[in-house]
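Look for subunit A in each of the two complexes below; its partner is subunit B in the first and subunit C in the second.
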Partner chain A sequence: MSLELLSANHGAAMAATLAARANRKGRGFVSGVYPITPSTECMEFLCNQKIEKSHVVRVESEHSAMGVCIGGAAAGARTFTATSSNGLAYMVENCITAATMRFPVVIAVANRTLGPPWNIWADHGDALILRDAGIIQFFCADNQEVFDSVLCGFRLAEDKRVMMPVMVCMEGFILSHRTAQTDVPEQDKVDAFLPPTDVPHRLAQIPHTLGQIEVPHQTEMHRMQHHAAMLDVPAIYREIQDEFEKIFGRRPPDMLVPYKADDAETLIVSMGTIPITAERVVDDLRAQGKKVGSLRVRLFRPLPVEAIGRVFAGKKRIAVIDRNIGLGMGGVLWQDTRALADPGTVVQDYLAGMGGGDIRPEHIVKMVEDIEARTASGAPKLMEMV
Partner chain B sequence: MDPQHPAEVPLPSGLSLPLEVRVHGRGGQGGVTCAKLIAALFTQMGCFVQTFGDYGSERSGAPIQAYTRVDRAPIRNANKVYRPDHLLVLDEGLMRPAIFDGVEPGSLLLLNSAKPIEAFAGKFDRYRFGVVDATAIAREQGIGSAAVVIINTTILGAYARLLGLPVTALEKGFAKLGVSGDFAAARQAFEKVEIAEVLALEAPASPAPLPVPPPVASTLEHSKDFPPTVLTGTWSNQMPSYATHDAPCNVACPAGNDVVGFVQALKKGDAGAAAGLLFATQPLPSVCGRVCPAPCMGRCNRAFFDGAVNIRSLERWIGDHAEVQPVRASVPRPLHVAVVGGGPAGLSAAWKLARDGHAVTIFEAGPALGGVLRNGIPAFRLPEAALDRDLERITALGVKVRCNTHVGKNELAQLSHDHDAVIVAVGFGAPVALGVKGEHLANIEQGLDFLDRAKREPVTLSGSVVVIGGGNTAIDCARTAVRCGAASVTIAYRRGRKDMPAIAEEIHDAEKEGVRILSYRTPVAFEGAGAVASALLAEMEAGPPDASGRRRPVVTNRTSPLAAATVLLALGQKTDMPLPDGWSMKEGRAFHGDRALPVYFAGDCATGEGTVTHAIGSGRKAAEAVLGVHAPAAKTNGMPVAPGQIRFDHFEVARPHEDRQIAVKMLAGDFSEVNAGLADVSEAERCFSCGHCTLCDTCIISCPDGVIFRDGAGYRIDPQYCKGCGMCVAECPRGVMAMQEKTV
Partner chain C sequence: MTYIAKPKLHHPSLQPNALGFTRRDYEGRISTLCAGCGHDSISAAIVQACYELSIEPHRVAKMSGIGCSSKTPDYFLGQAHGFNSVHGRMPSVLTGAAMANRDLLYLGVSGDGDSASIGLGQFAHALRRGVNMVYICENNGVYGLTKGQFSATADQGAKSKSGEVHVDSAIDLISMALLLGASYVARSFSGDKKQLVPLIKGAIRHKGAAILDVISPCVTFNNHLGSTKSFDYVREHDEAVNAVDFVPAKKEITADYEPGTTELVRQHDGSYLKLSKLRPDYDTSDRIAALAYLQEHQAQGELVTGLIYVAPEAADLHDHLGTADTPLNTLTEKELCPGAKALEVVNGEYR
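Take a look at the complex of A and B:
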């Protein structure tokens, strides 16, 4: 292992490169790429790597970038792409194709606000368009986690019990452009962690069509198979963590990261880098004797419902911080939190940091003050980033 | 500290961790990389680091910030740096009060500035202050380019000194970072940085508080208006600007016509304004509109698209159709000027002087004004009526004309006594002789004599006619010979067809009329008994290029005879100007010894340039010399607009309007004009208006931020919001816009 100073964008591309090389004895690596701020550096880095038995295609749009990945996966290759914001929006149709055709594509997403008006800064709204598409979604908090999640993502996506795309999210600029020490393992260890890709339904000797028309009953079955595979992900992810730890000597973060949550009366729930700030606030408020804790939701889809239920049990208050808004309803994480919290818990949504505002500890302290003054759940609230 | 990563460089004693560094720089200066290098340096000391830039879509030169955090433990902070311990400012122009936001007394401040530390006395006493001229050091060491000096590695040397790192550690760090090439610069900065310790550390005042977050509001109770507007103008260091640039046609015109001006006036339907612009420099538009070789068309940028604008015929249209009453200015004391020669140079000089209100008399040796225009250009190309139309405008200004008046050496001396000034514009002198055997046989005639004769009386030719030469006179002779009944007409020219100085359309018309062109041929002898019977033509080979850039023709000994009942010589003329005794000509002016005389020379007798248009320009300049006016030098504004500056895709392909040709049933004996010019001025609509704004609004349309507005006779760009993206400049169809550096 060596510690490299890498941006998270470069870290994702480095992990994809190692994974690509690990498939040199399999059916190689295919990636379709198209640049968009703030994920461009990821595809640039990938394009500059020499990878045996690989084809990185610089296409004319995100839609085609995913098309290349679909074709590569259909031929049995390991596949990866990176995008952001409206680029992801443009890719959506083919993302759904990759998901419903059960192709193990790994997608790095540098989360950025959807436009217009154009805003290039962080917002989770782009990835959340694909919340219900049958794609596994990780939201990362730091550089190492982005790197590790890409490696784990390949292992998870290509697991025969899973077989579906994995999206690794990092907040644009806040994380995508942050450089920090990243533990980069040697190739032989990655080889050991990632056996050659085997897509069982790939196009092999006999020509056939994938994704043909089907009747309603078949669709019901396919949806249920896909759903069941998603529900298996938490258990399979734990196996992968164990395997990762055995090979690399360190454990990638859990799908849920509670922080001083056990005895907390007020729980702050958030995703991405926001929980890092929340954890600092927890420390400060604990020092003042307040029973506050944090829950970081790292695996958002499939949502680890049972594990979350255990953390939520008995909480007086749950403050949800959403760097997104499901327009016409409220924060997307809040919607799920409301469904999983105990009936008596005060659940309050705080929309904060949409469009890239820097959520500082002071902001979260205000939210905690607000929820502690409440006796009942209310409609979502906005924390303006002035 | 990281056990996996033993310290390569010892952490300086006295440095307290965690540490937050904020770098202020300009996009493109390397500020983000500077913060990364600082982070990398601290990794050499076994620290955990985190570094990132804070910027968005700013273009190069815009203020940006970058941060580095350093700690003993993995860093758990995802926020920007609001309370830096160390502040690095890469550009003194960024030193504004806001830069010190969150900076507490006692913090470290490192500034890149060419000024000595004394210049900052009393300003930064609260900080540990270092100043270094990193730009000069990096420039001297050749880091970056001459235009953009990259200072990030250099400033790191100064920073290391402030940190208290030994220079050996810095060197080791640079080697580890793979930037050893820049170590010399960093070492210089390490040595040269001037440091002032904290002088006035008050009791650590509580730092200025960060803005208090607003209360949590319901989604319906938030600020009703948009939050403070983003003044995107601060993102850029460049702004677009508008400037008129030279059109290539204007630069090319030897007469100095405002070509783009009059063509654009025609395009707008203002024929009067077009004529006004043209007549400012050009008294003979009916003439030039027919016989000018039109260098303007040769330089027309539209030639690179779908064919040059037919400028010559637009000028002709003005000459033939403009209803212009020339106006004579009134001056308190008019000068009396004699102009010798009534050709284009003399006429142009007289026009300029008379319009300015001076008294002019033209002395013409021939029976009527016009010079070579009247006796050297055939009527089918320049009808007398067209010439007279131009001449009438000149005489209508009150110019006096004395024809049949030869001015010799003595008369010239007398004229210079009797007038305030004399302009001599007598044209070329004797024709160039060929100097070959048999040149004096009968039926070998100078082409100009032949043309003059053919204008005054019916001339009949028979048999084969051979014309020697490649200029307009040669073509005119050939076409006149056809009309005089020659059985065949052949032009022998010593260079290639494309080298012929004649107007291309005229060559084409001559060929259409049956004239044969033999290129790379020169006569080496004429043979015949009494009268010429044949010309012995030698083949020529193209040799090395001569001063004109054309390849010098070399005579070979391969010869062949060509039957010739008549030979017309059109080889050009010499400039020979007989001057009174003791006079000399220097730079267009007469001198008696060292004494300048009020006698000026214009046209071919002074310049030998040989075209009507050059003569017109020369005549006007002589008149300006008489008036003591210096031609406005400011006409040019750098290079004329090049084809590469024209956005061709803004224009529809539209082939040029060709001149209407009149079908002639029988050329022999018919000297009527064959070219009827243009039917209207719609050809003017093809003009790109190179370098001249037409208020086409493309800049408004292409501005992505909508910050360009019509403003009077031009446009206004809102500097508060112009991001300096350059889209308007890139889209301007005609090269009027350019990016300019903003002054900070």
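Take a look at the complex of A and C:
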């Protein structure tokens, strides 16, 4: 292992590079890339690597970037791309193709507000447009986690029981451009962790056609197979964590990261880098005698509903922080988790940091004060980020 | 984008045009582009052209995509309408606006990445349809805004600042535009205001799809030795086919404009393009010959500039569709329902 100073963008590209080299004994590596702020540095770093048996194609759009990955995967190669915001929005059609065709593409997303009007700062809304597409989604809290999630992402995506794209999310600038010490393993260890890519339905010796028309019952069957495979992800991810720990000597974070949640009366639930601030607030408020805890949702799709339900059990108040808004409904994390609480629990949505506003400890303290004054859940509340 | 408005001071020496506006009235906010960027010179040329033609700023719709080039509409015609669409999708948005309100002057501003890379499909189809617009592609061969990656117009063999060689073949938007049926096709250079301003004026007065490919060096990422979109390279390889002058409709055509090496092209609104032929073998009315000329010179590494092709009496999309002269968004019930008598006449025609 060597410790290197890397931005999360470069970390994701470094991990993809190691994974690419690990497939030199397999069917190589193919990537299509197109730049967009704040993800550009990821594709640029990847373009500058010397990787044997690989092609990184600088295509003319994100739609084509994912197209190259789809074609590469169909031919059996390991595949990766990176994008952000409207780039991901433009990629959506082919992301759905990669998912429904069950291709194990790993996608690094530097989360950024969708436009127009244009805003380059962090917002989870870009990745969330694909929450129901059959793509595994991790939201990361720090640089190491981005790096590790990309490596685990390949292992998970390419597991025969899974076989679908994995998206690794990092908040734009907050993480993508933050430089931090990153533990980069040696190639032979990555080789041991990532067996050669084997896409069972790739176009190989026996000619066949992928993606033709199907009738309703076939579509139903395919959707349910895909859904069932997603439901298996939490258990398979645990196996991968064990394997990772055996090879690299450290454990990538769990899909859910509770912090002082056991005896908490008020629980703060959030994703991305927000929980890191929430955990500090928990410490501060605990020092004042308040029973507060935090739950970080790292694996958002498939959402580990049972495990979340267990953490939620017995809580009086649950404050969900959403750096996004499902317009006409409310924050997406809140929508998805509020039914998992005990009846009578106050589950309040706090919309914060949309469009990249900073979420500081004082904002979270205000949310805790607000929820403590409530006897019932209310409509999603916008926290003024002043 | 900038939030810095320019102070509304008019120097007393600024001459008003026919509308009483000075050049200052056609400017926009303070540019945030890099100092020396070619795009700023194009903005200045647009300001000059609109000022000289006495265009009413509120009759102009500035449409753009995404890029440093697409940001520029903020820096000119501050009193015009503007729409900043998504990357590569300006042509379709412009088409929709032009269909709903044919009365505005549609000024599409884009970059080579926006038009030739991600937006090539939309670029092609807007030209093919003959949308009545002035389409300016500010062409620097790179994605300036995302820090200098090669675009689809970068020449094969061009070298990036970091020494990397571009391997893909280049898209020439002008040759494409000729093939697609654009009716006013020109190329210029941001550093040649004398050529650029009349070309923009001619395009504004043209009815139909007018495309201007303006080579506009990116001083930050693509202005080094080895770049074919640098100031030095363009200055050395510029092959101007004609020197263009624009003669407004009201101005009398005098003997001064008589042919010799000079050719007058009358546009549908009565204005003239006066072309002093620099290349005697060049004919702006022959689409096929123009294409061949471009290709031949391109093969020799020369960049043909000037008015490449013009179809003076071109038909635009409204003509193709037979749309009403009144803009769609102002048609009233009365015009839509002309009454029983008019219906009688129509029905009579079918008896």
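Keep this in mind: the second predicted complex is superposed on the first by the 386 of 386 C-alpha atoms of A that agree within 3 Å, B and C clash if a C-alpha of one lies under 4 Å from a C-alpha of the other, contacts with A are read in each partner's own complex, and residues count from 1 in each chain.
What we mean here is this: contacts are C-beta pairs under 8 Å (C-beta built on N, C-alpha and C of every residue); 3 or more make two chains touch, one makes a residue touch a chain.
Computed from a prediction, not measured in an experiment: that's the story for all the values here.
Student: Using the overlay on subunit A, decide if subunit B and subunit C clash or can fit next to each other.
Tutor: Aligned on subunit A, subunit C clashes with subunit B.
Student: Report for A:Leu231: first if it touches subunit B alone, second if subunit C alone, otherwise both or neither.
Tutor: In the superposition, A:Leu231 touches no partner, neither subunit B nor subunit C.
Student: So in the superposed three-chain picture, is A:Glu279 touching just subunit B, just subunit C, both, or none of them (first/second/both/neither)?
Tutor: first
Student: Just checking: does A:Lys381 make contact with subunit B only, subunit C only, both, or neither of them? Give me first, second, both or neither.
Tutor: first
Student: Scan A:Leu3 for contacts with subunit B and subunit C and give back first, second, both or neither.
Tutor: So A:Leu3 only meets subunit B here.
Student: Who touches more of subunit A, subunit B or subunit C?
Tutor: Comparing touch counts on subunit A for subunit B and subunit C gives B.
Student: Touching A:Ala339 in the superposition: subunit B (first), subunit C (second), both, neither?
Tutor: In the superposition, A:Ala339 touches no partner, neither subunit B nor subunit C.
Student: Name the stretch of subunit B, from among 114-122, 312-320 or 546-554, that runs into subunit C once the two structures are superposed.
Tutor: 312-320
Student: Counting contacts the way the document defines them, which residues of subunit A are shared by the two interfaces, the one with subunit B and the one with subunit C?
Tutor: 37
Student: Where on subunit C is subunit A touching in the complex?
Tutor: Where subunit C meets subunit A, its residues are 1, 66, 84-88, 117-118, 120, 143, 145-147, 149-150, 152.
Student: Please name which positions on subunit A make contact with subunit B in the complex.
Tutor: Listed in rising order, the residues of subunit A that touch subunit B are 1, 3, 5, 37, 120-121, 141, 173-175, 177-181, 273-274, 276-277, 279-280, 330, 350-351, 358-363, 366-367, 370, 378-384, 386.
Student: In their complex, what parts of subunit A are in touch with subunit C?
Tutor: Result: residues 34-37, 40, 44, 58, 60-61, 86, 90, 115-118 of subunit A touch subunit C.
Student: For subunit B, which residues are in contact with subunit A within the complex?
Tutor: Interface residues on subunit B, with respect to subunit A: 2, 4-5, 36, 39-40, 43, 48-54, 56-57, 75-80, 82, 210-219, 221-223, 227.
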